[in-house]
Every structure is written in C-alpha cells, then in structure tokens.
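Next come two complexes, and both contain subunit A; in the first it sits with subunit B, in the second with subunit C.
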Partner chain A sequence: MKILIGVFQKDGIEHYIVQENGVISLEVDPKNMYFENYTFIKLRDPIISSYESVRNGEGVFDFRYGPVTSGVGEAGIYHLYTYGERILSVDVDLSYKSRKLDQMISGRDPKEALKFVESICGNFAFSHSVAFSRAVENSLGINIDPVTESLRIVGIELERIYNHLYVISQLALAASQKVLSSHLSYLFEESLRLNKIFSNSRYLKNFNRIGEIKIPDGEKLQTLKEGILKIIDDFKKLYDHALASGNFIDRLYSTAVLKMSDALKIGITGPTLRATGVKEDLRYGNWMYEDLQISTKNDGDALSRMEVRAEEIFESSKIILQKIQILQKIQNFKTTPESMEKRSNGLGYCESPSGTIVYVIETKDSKISDLYISTPSFFGFKGVANAMIGNVFTDFQFAIESFGINFADAAL
Partner chain B sequence: MSMIFAYISFTLYILGILFSFKREASYLLSFLGSIFVFVTGIIGTFYPFTLGEIELLPKIYMSMDVNHLSGIFMTIAATSWIAISIYSVDYGKFYSKDMGLWLNLSMIGMLTIMMAKDGLTFITGWEVMTVSSYLLILKSKGSFKEAFEFLAFGELSTVALIIAFASIFLKNGNFSLVQNSGTALFLIATTFAFAVKMGIFPFHTWLIGAHVKAPSNVSALLSAPLTLMGVYGIFMALSVMPNLYLYNFEWWGILAVGFGAVSAFWGALQALAAKQLKTLPAYSTIENNGMILSAIGISVIAIGDPNLQILSAFATLTAIILTISHTFSKSLLFLSIGHAKEALNEENIDDLRGSWSAVGKIPALGIILSGLSFSAFPPLIGFVGEWMLLETFFQSYKLVNVGEKIVTTFSGIFVALAIGMAAFSMVKLTGYTALGFDHGKKSKNMPNMAMKIAEIFLITFVVAPGIFAPFVVKYLGYGIFTSGLFGVPKPFLIISSIPVFGVLSPTFFTIVFSILFIFPLFFYLSRRKKVRKIDPWNGGLSLKENEYFSAPAYSAILEIVLKKIYITKEKISDYEAHIEVVDVVNLFYKGLKSWILKIEKIISQILMNGNLNVYIIYILIAFTVIFFILR
Partner chain C sequence: MKWWPIRGLSRFLTEKRDYKSDTSVKPMKKIFRRSLHVYTIDVGNSNLLNFEIKELQSPQYNTHRFGIYFADSPRHADLLIILGNPTEKMVEPLMNTVKQMPEPFGILIVEENEIVEENEKNSLQLPNVVGKLKNPEPEEILGALLKIMKGN
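Right, the complex of A and B next:
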C-alpha cells in the first residue's frame, strides 16, 4: 500500500514522496498516481480540518482550546465545534508555531543547518537529526559506516522509548491513574537521564553529526545497557498492572478511533498507522534492524495506539541491547565515512517515535539550497481531527496524547 | 361592610370589560379591581363573611363567601393580578383591544371560584376562567393548536367537576360546599380535575404549549393564578370532606405524595433540557405544583394519626408557602422574560443573552431574583418553601405505616432531585438571559414604565416575604411554628415541629449576611477607581461571537447521559447539527390522538357515509336506547 507523505515541485516537475514496505521513494511527475491526500499535502494549510465540517445548528459553537491554555502544551489552537459534549467538527490551527524553517535553513552550511533541524521539535530531535543527516550524506556522497549507523539506531530507539513512556504516562494522567502516571513519569525521567549519560544531552542533541556520530566509551555503553534493563523491567510490571485496570482500559477503548482506510487516506504513519492494523515501518526496510518484530493492533483506538507504543518499548530495548552487544565486541571503532558520488539532491528519512520523517534537500556549493520536510505530526493532526468526531470533551485528552504529536513538529 | 369590597371588585372588573375598547382604562380597572380583591382577601382571612345567595330552583342556590382559606388564596392571586394588570398597560399595546376584556373576565372567573360556596357557582367561575383564558391564548398568532389543547384539558376538568358536584347532589340534595358534604367520588373527581389544572404529571402537556404560545402577561396568568385555582380546588375539596381526622383518607395522601413527587421530578428534568424561553418556566410550574401536591399529600397522611397533627399542620403550611412562592416568583419570571423577549424580539434562551445591559436592569433583576427564588437561594421565599418541604419529608420517618414510609422516602428522593435540577435549570435561564454577554444587541424602543413598575412590585413580593417569612407564617395562622432559640428572638425563627426538629430564620440570615457583606462592599467601593478591569483569560485571544458557550450546550451532557429518559436524538447532517429531546408523555398523547382519529374514521365510514338508510337506522337505534334509559 503506497502512502503519499510529501509533494514538492522541482524545475516545474511535481515530485511525490511515497512510502511503501518500509521504504521511501521519490516518484517524479507521477501523472498516473492518485492520492486522496494530495491537496491536503500540496496546500499545507496551517488550519487542519476534519473531513466532517458541521459548524452550524442550534447551540453549536466553537469551543476554542488554545493558543495559550492549560492542557495545550504548545502554541496552537483546537477549534472543537460542539452543541455540548459531542465533538462535531475539529479545526487545528498550527499557525502560531510556524517558523518558516525552510527559509531559515536554506543557504546554510549543513553542519549549521543541523542545529536548526535538531531544534524543530525537541522530543524528536534525534530523528530529525538522523533524517536530515542521511539526506545531506546522500547528497554529498558520504557513506556511513556500520558503527555510526548502529549508534544512530541506538539513539533513535532511545528516543522512541522516552517518547512512548511519556505518551503512556500522559494517557494514565488523563485517566486520573495518578500512581501509574507518577511511576511512568519517573521512568521517563530516568530514560532522559540515561540519554544524558550516553550522549551528553537529555534529548540526544549534538550526538549525531553529518557523516559521523559521537562515540561513547565502553563504560557508557555498559551504563546504558544496565539502565535500559532496569527501565524495561520496571515498565513491564507497570504495564501489566495498567492492562489489568478496567478503569484505565475503559477510558481508552473505542476512544478516538481512526480507521485503517482513513489513516491511509490521510497519510498517517508510525504507531498510529500500525494501531489500525497496517504493518508499515521504515525500520522494516533497514537491513541493520535484525529480527525486527513490528507490533500492530486492529482497533485504531487510543488503547490500540497505547498497546503498540508499549510493545515498541520492549522491541526498542531489545534492539538497543543487541546493538550494545555488537558494539561491545568491537575494540576499535572506525567511524570514517566513505566517499561516494556527489549528487545535487538528497533524500533522508527515519522512523521517528510518531512516524515517518523525510528530508529532501538540494545542495549547491556545499550549502543547503532548497529543502522539503515531511513530518508525522502534520498528518497526525489531521488524524486527531477526524478521530475526535463523535467523541465527547472528556475524550479529548486521550485523543491528543495517544497520537503523540507536536505542533512544533507539524508547523514548520 | 366587608362584602362591599368584594362587590366593588366585581364592578371594577365588569367596567374593565365594558371599557375594553380603551386599552389603558381596561387594564387600570383590572388593576383597581385586583387591589380590592387583595383587601377583600385580607379581611376575609381574619373575618370570614358571606356575600349572599340567589335561589335558582328549590334547594338550588348560587352563593358566595370569603373564609380563611379563600381569603389567603384571594390575597395571593390578587398580588399576581395587580402586577399583570399594571404590566399589561404597556404590554397590551402589542395586542388587540379585546385582550383587556378577556383578562378582566378571567379574573372574574377566578374570583368566583375562590368565593364559590356551592358547586354551581364554582363550575360557573371555572368555565368563565377556562374560556376567557382560551381566548387570551388565541391573542398570539399561530396559537390555535395550543389554545385548543388548553381548552380540551380545561373541559376535561369541567367534566370531572360535573361528576364531582353530581355526587354531592346525590348525597345531600344540593350543591353546597360545606364540611361533610363531600364523598369519595367527589374527592377522586375533583382531585383529577384540579390535578389537570395544576399540570400534574401526566396531565401537564397542555401547560407547555399554552405557556409558550400565549402572550407573556397571559403566560404569567396561566402559570401562576390559573394553576393556583387547581391548588385552591384541592384545599377546598379536602375542606368539604367528612372529617379527615376521623375517616381514613391515607390512600389519597399516598397518591398525592407519589404523583406530586413524580411531577416535581419530571418538571425539573424537562426544564433542564428546555431551549425556548418560556418552556423552561412552564416546566418549572409543573415541578412547583408537584411539590405543593406532595406537601398536601403528607398533610393528609399525617392527619389520620393523632400523634402527627403537628406534622400535618406543618405540611399544610408548607404547601401554602410553596404556593405563595410559586405564584409570586413565577409571575415575576414570566413578566420579566416577556419584557426582555419583546424588547429583543427573541424566542430562545440562547438568543436572549445579556438583557441586563441590552434591555435594562429591572427586568434582568426580575429574572435573576425569580430564578434564585426557584433555586432555593436564601433568604428568598422560594428558599423558605423548599426548606420547609424538605423538613416535611425528613419528618416522614414519624409515619407508622411501612407503605407510607416507603412512598414518602422515595418521593423525598424525587423531590430532592427536583430541587437540585431546578437550581441547575434556573442557573441556565438566568445566567444566559439576564447575565450573559449581550453581543451588542439593542432593545427596541417601546413603552416600558408600567412593565418596570409591575416587575419592581413583584420583586418586593419575592424578597420581602422571604426575609420576613416568620411573620408570613403568623399571618397565615400558623404562629405555633414560630419561636425564638439560639439568641434569635421570638418570632423570628421558623420551627418545623414541636418539639423542635429543624429551625430557620431567614430574617437573621439576612441580617448576618448583610453585615458580612457590608465590609467587603465598603472596601470595594472605596477602591473601585483603582481596580483595573480586564477580560477573563481565554487562551490569549478575545472571544468571538461563535465562541461563547451556548445555552443548549449547558445541559447537553444530561440530555446525552439520560438519553433513555429524554429519548434524545442527536441530529447531525452534513453542515448542521442539533439535539432533540421529547417529553415522552407527548408521545403517549400523540399515539392516543392517532388511535382516536382511526376509530373516528372507521365510525364515520360506517355511520356518516351519506347513506340515508343508515342515518335513519342510526336515529332509530339512538331513539330506542334513549327511550329505554329515560323511561
């Protein structure tokens, strides 16, 4: 199943960014391809609306949530149209977070641009960094050695673990599961501290570089291994308790359902898509991921999304431990990149905690001359807007948190 | 001497009818007539008197008198009539001149009911009231269906009254309404007739349509004095029964408590979901009359037990206080809402926002105070009445019979829920209509001085009887329920039983509250100029017009959660959505109507099919049957 996640024009010719079977490809001038989300992606309107557009009727009003409101963590607005409790139609306004990043990054040296890229969205910093680096490396003809790639995989999975822990803790908090939420927050904090020990940054910033990565010493790898084992052990106990809590599960079950057909139509990727039953993951197409188990669920509700994320925490820990085991066997890390043929453009992508991040860049005189970014949150907000239709106000927090998306990631 | 006031009242009302071609004169005459009724009521409360009688046939008289009971009810009704008459001086200009005629006539009808000493006079007054009220409802365009429904239920009451008075005639050989003249059939039939007029569940549907469609002064008349006639009727019917202390009428009390509580609950529940301006107060009338009936029910249950005479008396007092509260507060509510509705030309609660700034402080204050009274906000009269009702139910543990205990306990739960829901619905009504943001609306230019005077008059009667409730209790002849305790001097404390069970002093509450309020008020006033006023934080942006929380949304959660009771339908099309709720009793009557129409069609096809032979056979059969019945 092909999923359209980006549309851009180059030299007057339209290019589609398409994801299929764990691989991203560029389709040039694809006149024979039709995608329902074409207009949505092409326009990139900062107001994202649900397909249902019911805004009139007796008592119907716009319950505006944001842009600076308790409960909305970033500057953005949810316009919830309702006649009381029932959400009839949703508009998400991303404009408050728009930073014109493509203009800010264009014309800059890739190393300098990397700092901007890492700052697009704090909790996806490493995924953005890796996707951008891969695009630059692709363009500049830099071939990455297996050690660097392994350490990047460790970083991506560490980012996945702390993001998923955060999402599940927020879901527990929304369901007033204070004890579970507190324990998960503790694990979240522990995972951030582990990031700090491993990479010198709680959010894994400045760890990845163009064509290389900071090499941690053996002690850091051992600390990471022990830390991950402890976090996973604690999380497993908590997760088993969580699944046994009827109150918690009831709040998530059948809440903010996004059907597989709608998810594909919108361009959703990541855990949200996998929670609808689609086995699609960019890691699937990366040979460095050995014996990857992709978790899927079929209901497409907040519970399915949480379950997928929880199972991905276990899978990520397994991947990290595998990579540490391999890295610990290597005595002298060789991280010198190999040179390949240079190209004017480059494609780089990565499976972030919430879905596919793609960078398509143009380089001229070793500087970024043009840039196109596709992020999961942009599609995620369209998914949230549609999944909330028919739900009630009290489901709002579950819907938002279960998608694990950010205004900063969506509004570039 | 006392009877002169009563005659003057009738004369003034008749003059009001004759001068109906001159609007202001007609309403001023009804105002003056009502003043005299008020005075007559006060005199009659303490010094009962007779107005004389007319002999129509041997042993068949039409007679009138004013006694303690009718005196109280005349005073209550006249208070509402005075306000309605003043209000109509301005408001009546929006309607045809004959409105004054029917308004005066309906008052004559109600006055006749309260003074009637026999069945014929009573039923004459009843019909005059019903027909004139029907014609008053018709003053609004497009109100025929609702007016006809009112008339149909009104005539149903009349039929029941005819049966009741016929049973008296069979027993006593005359229609006199004196003690011991009543029969069980009389009590059943009159209770049915008066319950219909009070809008007791499930006979309340007429009340909603009529109140909503009628002009606002007529809505006030229908909701307060007209349903008051039902309450008076119940008291009258019980007063002519053989001694309730000696004979067992507990079954009646149990039924009254049950139906009253269910009615209170149903009225409050439906009021919550109301979207139209006058639907909510109309359902509130059903709730209040339900509470009144349940209090009367407990009184009748308790009176059969020699040890519970105090409880019975307190329950009767409760019913009267609730009646006073309902009549004054509901009149004020309908008149104030009518004022704002007319000024802004709106029909829905959601559309009539901010009448405080858009229409004026007096009508808005009228809406707020009446709403607070129905929300049992101290020290208003509604608070006193509802406190007394709960005290009455709390004391139902004293009842001996297990069945009575079960019924009163569950009824108490229904009533308590009703009181809570009433507060919720009144917050919705007053919060939006009086206090909401006006969105820049401007009221139309219209004469409103008389309307404001009427509203101020009723505001006084909602506030003062609450604050001085112990004196009202004494005035009504229940001084035993006033006392002095805990430093509160006699008679400023209302007690709910002897020995003391529960106590309340609205007067002292007002004093203490005022003292506590004076200091913050003084502090605020002294620093008012230094206070910086800002809009509340709304996400950092000013609220747009379509971002204000709507009135239907306020109660939507209950409509969705209680969808089995409301039969809630969420109607969502491509671009429009709304919630629909129905009163299930309406569905019953709709089904009944459809069923009757089907039968009517079948009968008409058989008997009235244009075939001459069939007509002749029908006439012959009818003649034969009547001949055998009357031979």
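Right, the complex of A and C next:
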C-alpha cells in the first residue's frame, strides 16, 4: 500500500514522496497516481481541520483550548466545536508555534544546519539529525560504515524508548493512575540520564554528525547495557500490572478510534498506523535490523496505540542489546567513510518514535540551497482531529497523548 | 509485584542531595521562602524544555518537599517560567499572561541555546525578571528555584 507523505516542486516538475514496504521513494511527475491527501500536503495550511465540519447548529460553539493553558502544554490551539458534551468537529492551529526553521536552514553549511535540525523538535532530535545526515550524505556521496550505522540505530532506539515511556506515563496520568504515572516518569528520567551517560546529552544532541558519529568507549557501552536491562525489567513489571487494571484499560479502550482506511487516507505512519493493523515500518527496509518483530494491533484506539508502543519498547531494547553485543566485539572503532558519486539532491529518512521523518535537500557549492521536510506530527494532528469526533471532552487528553505528537514537530 | 504504594515507598525513589545552580538569580520576597507556586508557559521552544519541566515533576526530584508546586493557572502562581523565545504570534498571549499574575510575582526566563540569536529581535521588556537560564537540566532549574526562594 503506497502512502503519500510529501509533495514538492523542482524545476517546475512535481515530485511525490511515497512510502511503501519500509522504503521511501521519489516519484517524478506522477500523472497517473491519485492520493486523497494530496491537497492537504500540498497546501500545508497551518490550520488543520477534521473531515467532518459542523460549526453551526443549536447551541454549537467554538471551545478554544490553548495556547496558554495547562491542558495543552505547548503553544498551539485546538478549536473544539461542541454543544457541551460531544465534540462535533476540530480545528488545530499550528501557527503559534511556527519558528520558520526550514527557512533558517536554507543557505547554510550542512554542519552548521545540523544544530537547527536538532532544534526542530527536542524529543525527536536524534531522528531528525539522522534523517538530515542521511540526506546530506546521499547528496555529497558519503557512504556510512557499519559501526556508525549501528550506533545510529542504538540512538534511534534509545529515543524511541524514552518517548514511548513518556507517552504511556502521560496516558496513565490522564486516567488518574498517578502511582503508575509516577513510576513510569521515574523510568523516563532514568532513560534520559542513561542517554546523558552514553552520549553526553539527555536528548542525544550533538551525538550524530554528518558522515560520522561520536564513538563511545567500551565502558559506556557496558553502562548502557546494564541501564537498559534495569529499565526494561522495571517497565515489564509495571506494564503487566497496568494491563491488569480494569479502570485504566476501560478508559483507553474504544477511545479516539482512528480506522485503518482513515489513517491511510491521511498519510499517518509510525505506531499510530501500526495500531490500526498495517504492518508498515521504515526499519523493515534497513538490512541492519536483524529479525525485527513489528507489533500491530487492530482496533486503532488509544489502547491499541499504547500496546503497540509498549511492545516497541521491548523490541527496541532487544535491538540495542544486539547492537551492543556486536560493537563490544569490535576492537578497532576507527571509521572511514567511503566516497561515492556526488549528486545535487539527496533523500534521507528515518523511523522516528511517532512515524516517518523525511528530508529532501538540494546542495549548491556544498551549501543547502533548498530543502523539504516531512514530519509525522503534521499528519498526526489531522489524525487527532478526526479521531476526536464523537468523543466527549474528557477523552481529549487520551486522544492527544496517545498519538505522541507535538506542535514543534508539526509547525517547524 | 508488591502493592504499588508499598513498592514506591520501599524503593526510595526520591534523591537526597543538594541541588545547586551557578546562574545568578534575584531572590524573591521572604513570603515565598517555604512555598512557591509555579506556572510555565511555552512560547516557542522545541518541546525539549517542556520535557525538562515534566521531568522536574518526576519522583527523583520530588519538588513538593521543598514547597514547589505547579499551578494550573497564572492567577494561582507566584513565579512565571517562560520556556523558549517568543514566536511572533506568542508575544500577545505572553503579555496577557504576565498581566494575569498576582502581585508580587517573578518571571524566570528559560531559553535554548541553538536558536536564540535568530529570534533575538523578539526579546521583550518583561517586568520582575528574576533570572535567565540557558539550556538547563531539571536539577539546574530546581537549584535556581531553591535559590529564588531562599535568597543568594
């Protein structure tokens, strides 16, 4: 199944960014391809609306939530159209968060641009950094060696673990499971501290570079291994306990349902798509992932999304331990990037904790002359807007948190 | 597994150590020595500072033992923490929030390193600024808050 996740113009010719079976490809001037989300992607309107739009009627009013409220932590607005209880339609306004970072990146040297890329979204900093580096390497003709690639995979999976722990802890908080939430936020902080020991940054910033990565010593790898084992052991106990709690599961079950057909229509990727039953993951297309088990669920509700994320935490830890084992056997960590043929444009992508991140860049005199970024949160907000329809106000928090998206990533 | 509250108590999740901050901050009035209610507002950070504030509420730091509470409304707060550099559209909501703060109040500015230079033009004349932190980790924010409460 082909999913359209980006559209851009180059020399007057339209290019589609399409994801299929774990691989991203560019379709040049596709005249015979039709995607329902084409206009949505093409316009990139900062106001994202649900498909159903009910704004008038007896007692229907616009309940404006944000940008300054404790319910929405970020600078963004939800316009919830309601007559008091049920949500009839939703508009999400991203414009308050827009920092125009994509414009700031254009015209810069790739190494300098990397810190801007990491500032797009703090909690997906490493995924953004890897996707951007891959695009630059693709364009400059740099071939990455297996050690660097393995360490990048470790970084991506570490990011996945802490983001998923955060999402599940927020879901527990929304269901007033304060003890579970506190224990999970303890693990979340522990995983960030582990990141700091491993990469010198809690959010894995400045760890990845263009064509290379900071090589950690054997001691750091051992600490990471022990830390991950401890976190996963604790998480397993908590998760089993959480699944036994009827109160918690009842709140998540059949809340904010997004059907498979809608998810594909919108262009959603990542755990949200997998929770609707589609086995689509960019890690499939990467040969460095050995015997990867991708979990899917069929209901498409908040519970399915939480289950997929929890299972991904276990899978990520397995991948990290595998990679550490291989890295510990290697004595000489010196990496030498090989050179390939240079191209004017480059494509780079990565499976972030919430879905596909794609960078398409164009270089001129080794400076970035043009770039196109596709982020998962932009599609996620369209998904949230549609999933919230028909739900009651009190389900708002479950809908928002279970998608694991944020305004910084969507607005750029 | 043990019953949850027992498990939590038996594991001593709260850290017993001093939190220090090297940043110089202006201490607030004496009435806040034992209780400080904080409201945070995001005006355009990369979500990283939001995460750090969420982390400050984790069991390791246990801010309640110092009398630091996170309020749900600026009208309930003594200290406003501004996260990030204001984007164009967030200037007005920020100024409105500042107006809602009850007297006496303080403002703590928390910024990220990377994109500060580019947005410098948006810097505002804010009243009662007690300090400015750059790219802090939760323990540094907590150290700064304790300094604000207890004096330098």
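Operating definition for what follows: the second predicted complex is superposed on the first by the 412 of 412 C-alpha atoms of A that agree within 3 Å, B and C clash if a C-alpha of one lies under 4 Å from a C-alpha of the other, contacts with A are read in each partner's own complex, and residues count from 1 in each chain.
By definition in this document, a residue touches a chain if its C-beta (ideal position, glycine included) is under 8 Å from a C-beta of that chain, and two chains touch if they have at least 3 such contacts.
Just so it is clear, the structure is predicted and the values come from calculations on it, not from any experiment.
In the superposition on chain A, A:I48 contacts neither subunit B nor subunit C. When the two complexes are overlaid on their common chain A, residue A:G122 makes contact with subunit C while staying clear of subunit B.
Of the two partner chains placed by the overlay, neither subunit B nor subunit C lies in contact with A:V130.
Residue contacts after overlaying the shared chain place A:I228 against neither subunit B nor subunit C. Of the two partner chains placed by superposition, subunit B and subunit C are both touched by A:V68. Once the two complexes are overlaid on the shared chain, A:A408 sits against subunit C while remaining clear of subunit B.
Looking at the shared chain after the overlay, A:I400 reaches neither subunit B nor subunit C.
Touch criterion met: A:S95 reaches subunit C, while subunit B stays clear of it. Judged by the number of subunit A residues each one touches, C leads among subunit B and subunit C. Contacts of A:A302 after superposition: neither subunit B nor subunit C is touched. In the superposition on chain A, the residues of subunit A contacted by subunit B and by subunit C overlap at 67-68.
On subunit C, the positions that touch subunit A within their shared complex are 1, 4-5, 7-8, 13, 39, 41-51, 54-55, 57-60, 71-74, 87, 89-90, 93-94, 96-97, 112, 114-115, 118-119, 137-138. Residue ranges of subunit B in contact with subunit A, taken from their complex: 275, 348, 350, 538-541, 543-544, 546-557, 559-560, 570, 572-579. Subunit A contributes residues 53-69, 77, 82-86, 88, 392 to its touches with subunit B in the complex. For subunit A in complex with subunit C, the touching residues are 67-68, 70, 73-75, 95-99, 101, 104, 115-116, 118-123, 125, 166, 179-180, 182-183, 185-186, 188-189, 192, 202-203, 237, 240-241, 406-409.
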